[in-house]
Amino acid sequence: MIEVRFHGRGGQGVVIASEVLAKAAFKMGFEVSSFPFFGVERRGAPVTAYARIDKNPIRIKSSIYEPDYIVVLDSTLLKGVDLLEGLKPGGKVLINYPDDKTLPEISDRFQYYTLDATAIAATHGIGSKMTPIVNTAIMGGFAKMSDWVSIEAMLEIIREVAPVKKDENVEAAREAYERTREVAV
Amino acid sequence: MIEVRFHGRGGQGVVIASEVLAKAAFKMGFEVSSFPFFGVERRGAPVTAYARIDKNPIRIKSSIYEPDYIVVLDSTLLKGVDLLEGLKPGGKVLINYPDDKTLPEISDRFQYYTLDATAIAATHGIGSKMTPIVNTAIMGGFAKMSDWVSIEAMLEIIREVAPVKKDENVEAAREAYERTREVAV
Amino acid sequence: MPKMTIPEEEHTYPGSTGCPGCGANLVMRYLLKGLGERTIISIPACCWAVMPGYWPSNCLKVPLVYSAFEATGASISGLRAALDMKGVEDVTVVGFAGDGGTVDIGLQSLSGAAERQTDAIYVMYDNEAYMNTGIQRSGSTPWGAWTTTTPVGKNHDFKQEQKKDIMAIMQAHRVPYTATVSVAHPEDFIKKVAKAKAIKGMKFIHALSPCPPGWKANPMYTIEIARLAVDTHVFPLYEIENGKVHVTRKGKGLPVSDYLKLQGRFAHLTPAEVSSIQSAVEANWAILLEKDDSGT
Amino acid sequence: MPKMTIPEEEHTYPGSTGCPGCGANLVMRYLLKGLGERTIISIPACCWAVMPGYWPSNCLKVPLVYSAFEATGASISGLRAALDMKGVEDVTVVGFAGDGGTVDIGLQSLSGAAERQTDAIYVMYDNEAYMNTGIQRSGSTPWGAWTTTTPVGKNHDFKQEQKKDIMAIMQAHRVPYTATVSVAHPEDFIKKVAKAKAIKGMKFIHALSPCPPGWKANPMYTIEIARLAVDTHVFPLYEIENGKVHVTRKGKGLPVSDYLKLQGRFAHLTPAEVSSIQSAVEANWAILLEKDDSGT
Amino acid sequence: MRQVMTGNYASAYGAKLSRAEVIAAYPITPQTSIVEKLAELVSTGELKAKFISVESEHSAMAACISASIVGARTYTATSSHGLTLMHEVLMWASGARLPIVITNVSRAMAPPWSVWADHMDSIAQRDTGWLQFFCSSNQEVLDTTIMAYKICESRNVMLPAMVIEDAFILSHTSEPVDMPEQEAVDSFLPSFSPELKVEIGKPMGFGSLVKPDQYMEFRYKAMLAMKAARERILRVEKEFKQVFGREYGGLLENYRCDDAEVVLVAAGSTAATAKDVVDSLREKGQKVGLARLRVFRPFPHEEFRALASKVAGIAVLDRSYTFGVSGAFFTEIKGSIYDCPKRPAMKNYIAGLGGRDITPKILEKIFDDIQLFVKRREETDVEWVDVAGLPRRWH
Amino acid sequence: MRQVMTGNYASAYGAKLSRAEVIAAYPITPQTSIVEKLAELVSTGELKAKFISVESEHSAMAACISASIVGARTYTATSSHGLTLMHEVLMWASGARLPIVITNVSRAMAPPWSVWADHMDSIAQRDTGWLQFFCSSNQEVLDTTIMAYKICESRNVMLPAMVIEDAFILSHTSEPVDMPEQEAVDSFLPSFSPELKVEIGKPMGFGSLVKPDQYMEFRYKAMLAMKAARERILRVEKEFKQVFGREYGGLLENYRCDDAEVVLVAAGSTAATAKDVVDSLREKGQKVGLARLRVFRPFPHEEFRALASKVAGIAVLDRSYTFGVSGAFFTEIKGSIYDCPKRPAMKNYIAGLGGRDITPKILEKIFDDIQLFVKRREETDVEWVDVAGLPRRWH
Amino acid sequence: MTKSYEEIPLTPISNTPSTMNMTGLWRAFRPIVDISKCKRCTICWKFCPDAAIKLVDFVPVIDLKYCKGCGICSAECPAKCIEMIKEGIE
Amino acid sequence: MTKSYEEIPLTPISNTPSTMNMTGLWRAFRPIVDISKCKRCTICWKFCPDAAIKLVDFVPVIDLKYCKGCGICSAECPAKCIEMIKEGIE
């Protein structure tokens, strides 16, 4: 079973991101389950979501404590709580991070991928200029980072779930896929 | 244990009558319990109340099915349901009945007492002229009919419970006591 | 030739178990004369939940749904929605509740029904207290009245609060039609009910409903008391249609004491208290007349 | 020399967990500036039940009692009665609820508190929907607005009912003081609150409270939107003292579209719909001005 | 002084003698005379209290909750629909740990509309975290009201309590009640001064939002409080006895159970009648007893286990029925003695719903039946008593 | 077609596929997305129904009641405080014998305020006369909604049903759900046409006042209906299997219980996790099983008795606690098997209150513990799991 | 009197006319109409709360099975032709 | 983090100032005050929903531990001296 944890802020579509992953994996024949952290958080407050992907039907309903992947939709969260808590040794981390900055000091037990999803979303006019919506772009990046979910499945689902600007969202994800890169720390 | 059933109409103070009896008997050293029939009846509708009197504390909480005494506050009720149902053979019945009329045909297994409580109440100005309140007068009659509750105890309680016109109520009960008579059927 | 001034057909049976002289009985009788048989009524806990009689007795010739005390507004919305889904549109849905069930515990669901524009008529028969439970104060009990929970004690107590102005509250809900009616004026009553029936949306009828035991009054004066309520301007007859006020009966302008003195529940009031009631009634009447659009 | 136009002392801590730019946060901030520390607040379920933070966090410097969603009116009556019994009389009891908790599920207990003349101030912060649960319609949602339960569907749906007029409803309850306040005009806000504090009986304050996520608005425009609500006469500032209406700010009379266009929840409206809102607003404003006693 | 009064007046005087400070109540048959009496006592000044006229029972309880939070002793009374309308806020009161006392005049639920005795309304509150006392006489109603405050306000309890009297059968029956002197009650029951209350000048939020990582600990504390209540009930009753000379048998009153072969478990007014029946059957030589379920919450676990070790059969009379299971008393008693070494034969009798009279005759037949049942246990262990259309006759 | 959706959407689609005609609901976390989805389906015309925006949950249920009385199929959804506010009218619905279906997203009660999973709200309705289905997957939520109508609307049942999904854990978790075709559902579930309903032109009072001499007979009929519901549940599930190919194990799903020495009883989402745990423990050679309590009302009496005859120990996990007693499941199960010839060792585990996570690790420890308990029964048979401050560690 | 559980409906449905209740027995006073004085105004009929007055040719015929004796007809009759007399035992 | 049942009160009493919540971390945009342009009108202070602005000599000092970056101060400043810049990683 693969377990993924998502970090973002209230209003950023973190829950949607986890659902997109689940749906894409489902489309590829996996069994899936995704869920938010169950909170009453307000806009801007850190929120968490989760996804499980497996070959077999998923029955377990408890939370994820030791994920294989971590996705960070908002790099400013790196300042807050320990985002990498529980990540399995060798686990992978995808961070929405400005292309022109280098990652701050961070544990070297994991693999890191970055992607300037904010810039990409802005380019494609997703969300407002002030607050671009990055969840579709970041999922393009996820397809790159993981070797088990295809970018095609991801794009299909993004087209399905995006309420408006379907093409733009798909394009953003595709671009994100291409621009995601592993970084050394 | 002595068991008494009261019949009257909603608004006539039937429940008060049963309480007056209980309180008078209590004053005389008896253990008592009195209760209404538990209904949602409206003004004018037939209502029933009960009293138990005993030497020992009364624990039984069920209804009375075979009373020793029956008190009828309103003679027009004689037209309705069977008022004497369950009365023990030899049981006594007190009826508020016009002095100038004779009782209709009625079972001869019981002893009957009558009393024109309506007239007496009217004389003493209890209630309105149109609707005199007869419950105090009738309890004077009860003291006469029974040999175990004294008219003194009864009058004392009537004075206690009457909200207004205490003297008049007491006088009415005293007069009723005197004018109550056994009638043959 | 003599003529009946109200429809002859009865939609209630004799044998209801209300008190002799009960005004609420008349409210129902006139209401159904005005609405006819294609009517369905929802009744919460109140005297009228008892008046049809113990099971299986029923004194109404139209269908009757009992509802929880606080739920009349919700009940009529449910009835209307279901009938609409079934395509039954020519039926008048009626909520019929006492004053306590309307201005106190039922106010919220009534307000909800008004907000969601339920197509129904809500009738409040106002006996100005909780009568079914034995004369406790309600929000609709007038200032000065005795009830068992506003006892006349050593300190000369009685109801200290003003009667809730349910007509104003419903008006604030901008329902298309509200009217006051009286059992003393059945012709006016039935006319208003028929009018309400023809209007779409939530209609509200406020019926003053004398209650002999609760008002400590002789049952024979039920109509007289209701008439005096109108003639003293204690309970003016008017209707409000889309915000337009129309006083339907000016009344004689008799002193309120004429009205009060037939009722034991006001017997304790001092002359000063009576005249304070008089002033309040006059002030309200003046305001009402000012709003009256009848002339224009 | 510069001067603060509102009291300097803060009765709220930073660190509340409301959204950035939340109008309700300001409503509380101004309210307490107006009332001072001898205040006790009852808060039912609503955003403000969450905003103090998870236990043991509290952003208020005055005592706060949580109550059930529907029970604010009852809660303040209970608080007042208990404090009176304890002889604590110089404390202002406040009920502080959202619009849903006031005009819908809390209306009945509010009405009860008004009828029994509870000496307290009831503040409704009006973000015009159930926000704590994620933007569902309330009785206070204005006509035309999108919410999650009044979706903009194929048939161009949106809220079909008028906003409940809670000021009129409270006025119908004849409470001694009601006022509207805006976070864009804290000086006026605080003045009214201080006035309410000095009056005995039940006071009602209606505060328009912009909600960036719920109104689909940029948080930086919270004040601007509130100001436009006043300037377009969508939300006029006035008070009613013992029935006397007093408009406290005339506003600029800008077109309502200025107000609507900053909010995504109205984005679907057609020009015709916008102008029907314009007419309704103008009509209401005219009525209000007519009632205005300020001049006289 | 002993005087003749109804159960409802006994309730009202119980509240008065306990010096309830804030009373908020809404009328409902057959509770009304409690409220009326209290309104009168307040209006005459005999009781110094605030009487809040509320617009519903939900508000009655909510007003009591807020008043209690700022340290007032509170009282309310209701019945059936009123009690069930309070359901949400009943849970609130226990969760907020407020020692509110309510009288519930236990009555049937509609539909069918019925105003008569039935325990369904009370039983349906068994999960709300309230102490529940079923009373069998007016004296007990009055005394229990006073004791309830003392039990609930103790520091290690701080939970609300429900004093239950059967609709009409107690509420409207007049019988002699010894009314304690106010001074005696005052010295028995100190004034209410909770450790934790909301005070002006002490900013605090009362009843905040708690995350999943902490909620259970608060519930655990309430569980401990209910445990403590058990001991407290016994101690307060002992103290009460010392001052007033009366006692009620703890949580489960054993009446002639010592050498009993079978016992009847019953609560409320039925248990009073049952004592007469036990006496008369004892006279006939039958070894029968009554275990009067006086306190349903906290549940008298230990008491039932002790009883189970002594008797061969237990007849459980429930004046309510939980659809899909059985009477609630029956299920819980069986649950409680499940792992006792000795397992008496248990049978459930559903009786008296909606005010159906429970006569001595019926109770006698139940005793007959349970004695038979002990000998040859049948399939059905839940029997409906006195239902028209069923073969067995009960009169 | 299988698609990924939340439990709440599964609820909404369940109602939609059942062609609910009148929907009245009030928002509450975490039920809101049910209501929002239904509002959307009605607004797009995908669902032909009346959506009544009510001002409280009490009104939501009251509106459903009246709509049902005139023959409409009705649906509502709520949670915690909303459900408990309905308490009075829940009893009304069952007393009036109306087959209303509600989804309850089971959540903790305040105070402390909490929006997380907890069964207290549902359990506290155990006496209201509703059927109660605890679901363990989103698929089950959808399927059970459809089945519930078919079960409840049958002539010999005519009682309302509650479909329960755990707050967030099901309501907000997305997982694959096979969405049946509307045609298939239509042929499985006929339209609602009750024998008894209020119709224009047929004057009748629905739900009248009944005297003590007749009330019990009406209750007796409801008892029979709950009995009939049991058979009906089994039959409808069989039919459902035939049409849709899915089944859920009746009232008490036995998962690897056949040769089990100890079993865990659990309901809702925990039971899903528990299946994984059972599998992994079985792999380690432990003879453990899961008895998933799917239907709490009517109570699976026969099923538990059958289970008791097979196993040595039963661990009962309650996600709620009845103060003064124990978990409700625990009490009722013990009550149910009280007189079974074989009495398994029974222990109660109180876990997951207020959303506390119930992890596989915790369930493993419970299985360990019950196996020990079978061997040496201890005094305490009710244990609180994962409470900070208690000696035992669960992680 | 109590009906078997098999004879009753699921829930109490009242469909028997309330004429099953002999509410005339509640009466303390009985209205006596002096037909000779009757003006056929039908006012008594109009105001009877119990619908206990039938009109025969516009003249009131009081159904004593249901008349509760409230006296409204007597009070409202403009011709004063209805007298209320105390009910007796016949 | 979870407190022992023995350490907590009977029912959740919140008496810790909400300054325990680092809500500044929620911020997406940061207000930068150009003090040189500030007119000391105190308007920014007045309208900050989070009371995150302190005045020092009538000049705003923003407490970034709690400023959520709503931008109201920036929008309302008549001198336009508060700029909102996107929060970065420092």
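Labels for the chains are A, B, C, D, E, F, G and H, by order of writing; each one numbers its residues from 1.
One rule holds for everything that comes next: a contact is a pair of C-beta atoms (placed from the backbone, for glycine too) under 8 Å apart; a residue touches a chain by one contact, two chains touch by 3 or more.
Remember, it's a predicted structure, so these values are computed and weren't measured experimentally.
The fewest steps needed to get from chain B to chain D, moving only between touching chains, is 2.
Common neighbours of chain C and chain G under the contact definition above: B, E, F. Of all chain pairs, the one linked by the largest number of contacting C-beta pairs is E-F. In this assembly, the C-alpha centroid of chain C lies 44 Å from the C-alpha centroid of chain F.
Distance from the chain A centre to the chain C centre is 63 Å, each centre being the mean of its Cα atoms. One finds 80 Å separating the Cα centroids of chain A and chain G.
Among the residues of chain E, those touching two or more other chains are numbered 29, 53, 55-56, 58, 81, 85, 88, 92, 95-96, 110-113, 116, 202-214, 217-218, 220, 225, 355, 357, 387-390. Looking at chain D, one finds that residues 17-20, 22, 49-50, 52-53, 55-58, 64, 66, 68, 70, 104-105, 107-108, 111-112, 115-116, 132, 139, 212, 218-219 touch two or more other chains.
Residue positions of chain B with contacts to 2 or more other chains are 10, 38, 40, 42-45, 130.
By the touch rule above, chain H contacts chain A in their complex via residues 22-23, 25-29, 68-69, 87-90. Partner chain B is touched in their complex by these residues of chain C: 17-20, 22, 50-51, 132, 212-213, 218-219. For chain A in complex with chain H, the residues that touch the partner chain are 9-10, 42-46, 74-80, 97-98, 101, 104, 130-131. Partner chain F is touched in their complex by these residues of chain G: 1-5, 8-15. Residue ranges on chain C touching chain G, taken from their complex, read 2-6, 10, 12-23, 25-26, 29, 52-53, 55-59, 64, 183, 186, 212, 218-224.
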